[in-house]
Amino acid sequence: MRKPESGATYIITGFGARAPHISGNFMHKTARNLRIALFAAGLLAMSAAAAADLKIGLSADVSSLDPHYLNIAPNINLSSHLFDTLVLVDPNGKLVPGLATSWRTVDDTTWEFKLRRGVKFHDGSELTADDVLFSLERPATLTASPGPFTSYTRQIVDKKAVDPYTVQLKTATPYGPLPLDMSSIFIVSKKAAQNAATEDFNSGRALVGTGPFKFASFARGDRVVLTRNDQYWGGKSAWDKVTFRIITASAPRLAALLAGDVDMIETVPTADLAKLKADAKFTLEQKISWRTIFWHVDQQAHRSPFVTDKAGKPLDKNPLADVRVRQAMSKAIDRKAMAARTMEGLALPASNIVSPGIFGYNDALKVEAYDPDGAKKLLAEAGYPDGFGLTLHGPNNRYINDERIVQTVAQFFSRIGIQTKVQTLPLSVYFSKARAGEFSVALLGWGTLAGDFGLRTLVGTPNPDTGWGTWNWGRYSNPQVDALVKSALSSVDQVKREGYAKQAAALALKEEAVIPLHHQYASWAMRRGLSYPGRVDEFTFAHQVRPQ
Amino acid sequence: MTVATSDTPLARFLHAYFSSRIAVIATLVLLLLTLAAICAPLIAPQNPYDLTKLDIMDSRLEPGKVSSDGKLVYLMGTDEQGRDMLSAILYGLRISIAVGFASTAAALAIGLALGMVAGYAGGRIESLIMRVADIQLSFPPILIALVLLALSGPGVGKIIIALIAVQWAYYARTARSAALVERGKEYMEAAAGLGLSPLRIVLRHLLPNCLPPLIVIAALQVASAISLEATLSFLGLGLPVTEPSLGLLISNGFQYLLSGTYWISFYPGLALLLTVAAINLVADQLRDVLNPRLQGI
Amino acid sequence: MITFLIRRLLQSILVLLVMSLLVFLGVYAIGNPVDILISPDANQAERARIIAAFGLDQPLWQQYLLFLRNAAAGNLGRSFAFATPALGLILERFPATMELAVSAMLLSVLLGIPLGLFAGLRPKGLAGKTIMTASILGFSLPTFWVGLMLIMVFAVKLGWLPSSGRGATVNVLGVPLSFLTRDGLEHLLLPAFNLALFNIALVIRLTRAGTQEALQQEYVRFARAKGLRNGRIIGVHVLKNILIPIVTVIALQFGSLIAFAIVTETVFAWPGMGKLIIDSIRVLDRPVIVAYLMLIVTLFIVINLVVDVLYSLLDPRVRLAEAK
Amino acid sequence: MDSAREPVLEVRNLRTEFATSAGVVKAVDDVSFSVARGQIMGLVGESGSGKSMTGYSIMGLIDPPGRVAGGSIRLNGRELVGLAPEAMRQLRGERIAMIFQDPMMTLNPVLRIDTQMMEAVLAHHAVGRRRAREMARDALARVGIPAPEERLSAYPHQFSGGMRQRVAIAIALLNKPDLIICDEPTTALDVTTQNQILYEMQTLCRESGSALVWITHDLAVVAGLADTVAVMYAGQLVEQGSVRQVLEQPRHPYTRALIASVPSRNPRGRPLAQITGMAPSALTAPSGCRFRDRCPRATNICATSPPVDAEDGHDWRCFHPVFEEDR
């Protein structure tokens, strides 16, 4: 753990220059934490052998152990225990050194990553630039994947190992978020993985990483067992053995914690928060998540599929295309009441599409105040004094209390005269239909560690050639916003980049490109005696769980 | 019962039927529940489907609490949307019972028609209908409904279709075997000999004789349709959230069970239990009375 | 006998074809699995490439024909979500579901027959009536609700049994089984009981009805006239006769148990096929859905055959008819 | 009645009642008779007359809601009414046996013959299974079943009706009982088989000395088989005596009508005599003389209970008995 080189090197984090020496701080703090952890672990190990076992109830199934196969949260969560990335994300969403100790731009389109020296894979071999290059190439070779990691490697047009501990990556155009992309690609051992198929990862044979844990066993749909990697470069974990139990239904997951079958669970059902808070046997940890919940609103001028007059006849003109109507809808929502009641405290009213603290968050934007009278006035101005008919769509069981959010918002809309109906659908149907533009107003939750990324995908003008607006269901389009986002993405200077991102956000949200509702809280509950920092990206990392 | 002395078949049936105290109670409970379901809009304190009537600030109130505008006492508490549970249960009962009865009635009609046609016509038509029915009966109802709903998406109409698809074969098979028995009897030949039209023979002669076992099966099927609907709703494949049936109410309240907010799940559960148990008991008694030899479930 | 088997086989193949076609049409109508599984940051070009990689860009009939060709060669395709052969994925979870279903079946027989016998022998008594009323409840209670109640009472409140999951397993002939360990048995008890509940009620009612009918039979009267003890009359003469319909129904119910395991597995986080199929439906993992249904159909064919065999073993009259 | 011989079975004022929702039904009402060793008594009546109930009462096989409400049943002098269930069980199949009407139904279809025979031995005697099997085989041989050893391992459905009834008879004879009650055992069989079995039963009884109560609706059977005969109507004995007395000089109008309705007794060409009206059940029978609605000789007095008259061991229950001169 060497101090980063000075001079031309600057450490890049999600917050860019605002925390130039975060890396050093991180090292220091980590070391102290580790000492404490080791001490505590030692104590516990003396008192009871089982104390070094940790059982965690996960809310989603791990579908594959291949770290490059499917880009979904549960898989990434697990892979993070076995593998490292060049750039790591700290609990607050900031980028910190991982297998790369530092990175810098050589020129506008070339990035250089310095590798940590002396890092050992689980099989004892040492990490070199070869493994990194191999790992960056591998996602593109997994053509059978429906959700590949190629989104994070596609900007790289060329890569080379300058020496065994230095890697250079080249992009076609200036590209600021590359380090963020590098936080998503797990570095595997070339030796173990080069001839391995996905099956070999699932059996554990090819599961050779540098992470804090080694693979022990995997019972699909039931549990994954890991054991400690004593050679971990970041210090030994407090846990000899970690068992992840997969309990997707929320009530049984909580029951498992209450019954003592697991030590800790993620995604605590909101219904039980109050009870757990009051129970001295358990500790609750909450953290604002990166996930923002908002409405996509169909902004096409012509007829919208679920907008009708009050009698149910389709309207030829789409009222939602009028910014005043969208503002009225936003004012009609009592976000505070919803956070308190529908979300039972697990939400922070939102004004942005990224959470506070995330790169690109614009704190100049204020949460729209609850103002039903103002909303009615705006509706009248827009020519709908009596409102109109509308159906809200949402997924069931994708985001925290999603089905209830839709219903509560329907309540609010009804009060300003918009006759609102609700339809919630299973994900399988929902995403396909939403993507096909079959809804008028549809709920989406989005988590990202960079505001410009989010804007590009959510409100950028949809264009298959540039890959913009892939999740822009409302088909909002503003060339000014597009231009600003483009400037942000191509800025390798992170301060400038964030500036553009904030401007773009302000512009888009002033026009209610989407109607933000809230940032959800991620939650963890654990037996007393454990502590977890809580992660903005909602992941549950055993190595960050500490005995108190 | 007062009808005990007269001696029409109906009177005999009624007398036998009401000789069991449990059956009397079950029938009364069922009538009461059905009445409550039919009159739900009249007797419910709130229209739980009217979003303007709900107030999120009243969410998860305990039974007996007063609404924030002071106008309403929530006898069975409120759910997470601030919906009066009593009203929601009454409306939910309405949907559950409607779904149960509608799907059974439709399945009965379809199954009866196909079964009679099979039994009466015989030959290739018979073997085709019965082959399909047999194949379908070899699969558990929940599996068929699950696949159909997964493929069609949720909705009242779709769940009714799924429940019809699950049930029709029972009736078809029963109707056919009853028709076969009747077909062999002399009066059928006589009727045919008299030149009566096949339709008339089926309606006037076959139908009445097929009915008793079918009524019993139908009664049992109403109960199982209601609980199947509840189960499918629990799996997220049933009805839309805004117009919850009993099963959906239970599954909405499911995650509150451990936290002590029991009423969201408990009262609908009780209503469902009462409804299904009452129907089952009625069906049980019907079987005993209509056809003592009809065995099994 | 052979024509019977051939006919069954043809029938089953037809069912398989219809089923798979339904799934293809259905999944096609619902949506595109890629939309659910795709990485949020993927662009349109990547999406198109993935769709092409799965062959989902081809006309449906071509996809179906390709599936048929592969299926004929024993290849049911690879799961979209898991990247492993769909059939292997299901077979991996098959033992857990089978274990659950078999335990539930045993429980329903072991509890249902004695209770039903008791109720049948004393239909007017308080205990008999209580059993019958309880069996109505067993029919009427929603499985998922009972499941959570069981967890609440036995795992959370009393702390006697674990709340969910499968316990330690032991490999027997390469099949992981959990009922051989204490931990495994403890984990098995609640879900098995939950799953068995409906069938316990069913067996009780069948047994009671059968007992009451058997008691009316002349052979029981004759047995009594022979001066046999009650135990023998009930244990041999009555039981052996009512076992025939019970065994038939229970064996046929086995398919239903496997299907209903979907609910129990969801509630108890039991890592069986049922959970897999629900998840697969959620993400439109067509190969898994098709493979699951294929396996289930095959299983049911086997069950039906087993029922026929059992029937002839139990009922000598059938055995003779077969021998002729 | 033959008082010279010691009665094996002596029934006095037997009353068997059934509690139904419509009230108490007297299925057997004030029935008295006795049967001596080696003797065969025919118990005749229409269906529903209570003759089978009488048999079941003797066997102790009356189930709730029925019960033996009064009277006495003595077997070799031992009182059976009120006997403890276990003591009664020990007698059943051992000292008294019963054979039922339908041989298709009496044998358990899912148990092998040897099982069903051996259990009858083992329920009463502490013998080994081998011995029990030998006894079973011998019993089969005795009732004329060829290749008894092989037939032992067969199932009931592999036998014809007549053979099955022989098996039932063999089972009844297994423990050499003092009394055998036969409840229309030949009704379901064809005439040839019926005659064979009748003959064999008679022989077997004479050999073993068992007393026999033969319940039937068929007077012709009684005529060829029995020593004495008792006629039942609506739960009561209306007439009894020796076969000769009852069949040749019937005193009760019902007995007379019954005899007149037997085809072989009718001269050729004359229509069969029919008893008018429906045979009553014990529930629907009128008070007083139960036959009075259907009786051509009935008068007002018949509304009261008729007395029992007796003459030379021949007794009848009638106000207006038929004598020779009336014919």
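Chains: A, B, C and D, in written order; residue numbering restarts at 1 for each.
By our rule, a residue touches a chain if its C-beta (ideal position, glycine included) is under 8 Å from a C-beta of that chain, and two chains touch if they have at least 3 such contacts.
Note that the structure is predicted; figures quoted are calculated from it, not measured.
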item: Innermost chain, where centres are averages of C-alpha coordinates; value: C
item: Pair joined by more contacting C-beta pairs (A-C or A-B); value: A-C
item: Greatest separation from chain B - chain, by CA centre; value: D
item: Distance from the mean Cα position of chain C to that of chain A, given in whole angstrom; value: 39
item: Centre distance in Å when chain A and chain D are each reduced to the mean of their C-alpha atoms; value: 90
item: Separation of mean Cα positions, chain B and chain A [Å, integer]; value: 45
item: Approximate Å spacing (C-alpha centroids) for the pair chain C, chain D; value: 53
item: Residue list for chain D, restricted to those that touch at least two other chains; value: none
item: Shared interface positions of chain C, touching two or more other chains; value: 30, 148, 152, 156, 266, 281
item: Junction residues of chain B, two or more chains touched; value: 150, 153, 254, 257-258
item: Touching chain combinations (by label order); value: A-B, A-C, B-C, C-D
item: Complex contact set, residues of chain A against chain C; value: 61, 63-64, 66, 69-72, 142-152, 154, 198-199, 202, 219-223, 245-249, 251-253, 255-256, 258-261, 426-429, 431-433, 435, 446, 448, 453, 457, 463-464, 466-468, 470-471
item: Complex interface listing, chain C residues touching chain A; value: 30-50, 53-54, 78, 80-84, 89, 92-93, 96, 148, 151-152, 155-156, 159, 162-166, 169, 176, 266-269, 271-272, 275-276, 279, 281-284
item: Parts of chain B lying in touch with chain C, wherever the complex brings them together; value: 22, 131, 135, 138-143, 146-147, 150-153, 223-224, 227, 230-231, 234-235, 247, 250-251, 254, 257-258, 265, 269, 272-273, 276-277, 280-281, 284, 295-297
item: Residues of chain C touching chain B in the complex; value: 11, 15, 22-23, 25-27, 29-30, 133, 136-137, 139-145, 148-149, 152, 156, 202, 205-206, 209-210, 213, 245, 249, 252, 255-256, 258-260, 262-263, 266, 278, 281, 289, 293, 296, 300, 304
item: Residues of chain B defined as touching chain A within the complex; value: 50-52, 54-57, 59-60, 80-82, 150, 153-154, 236-237, 240-242, 254-261
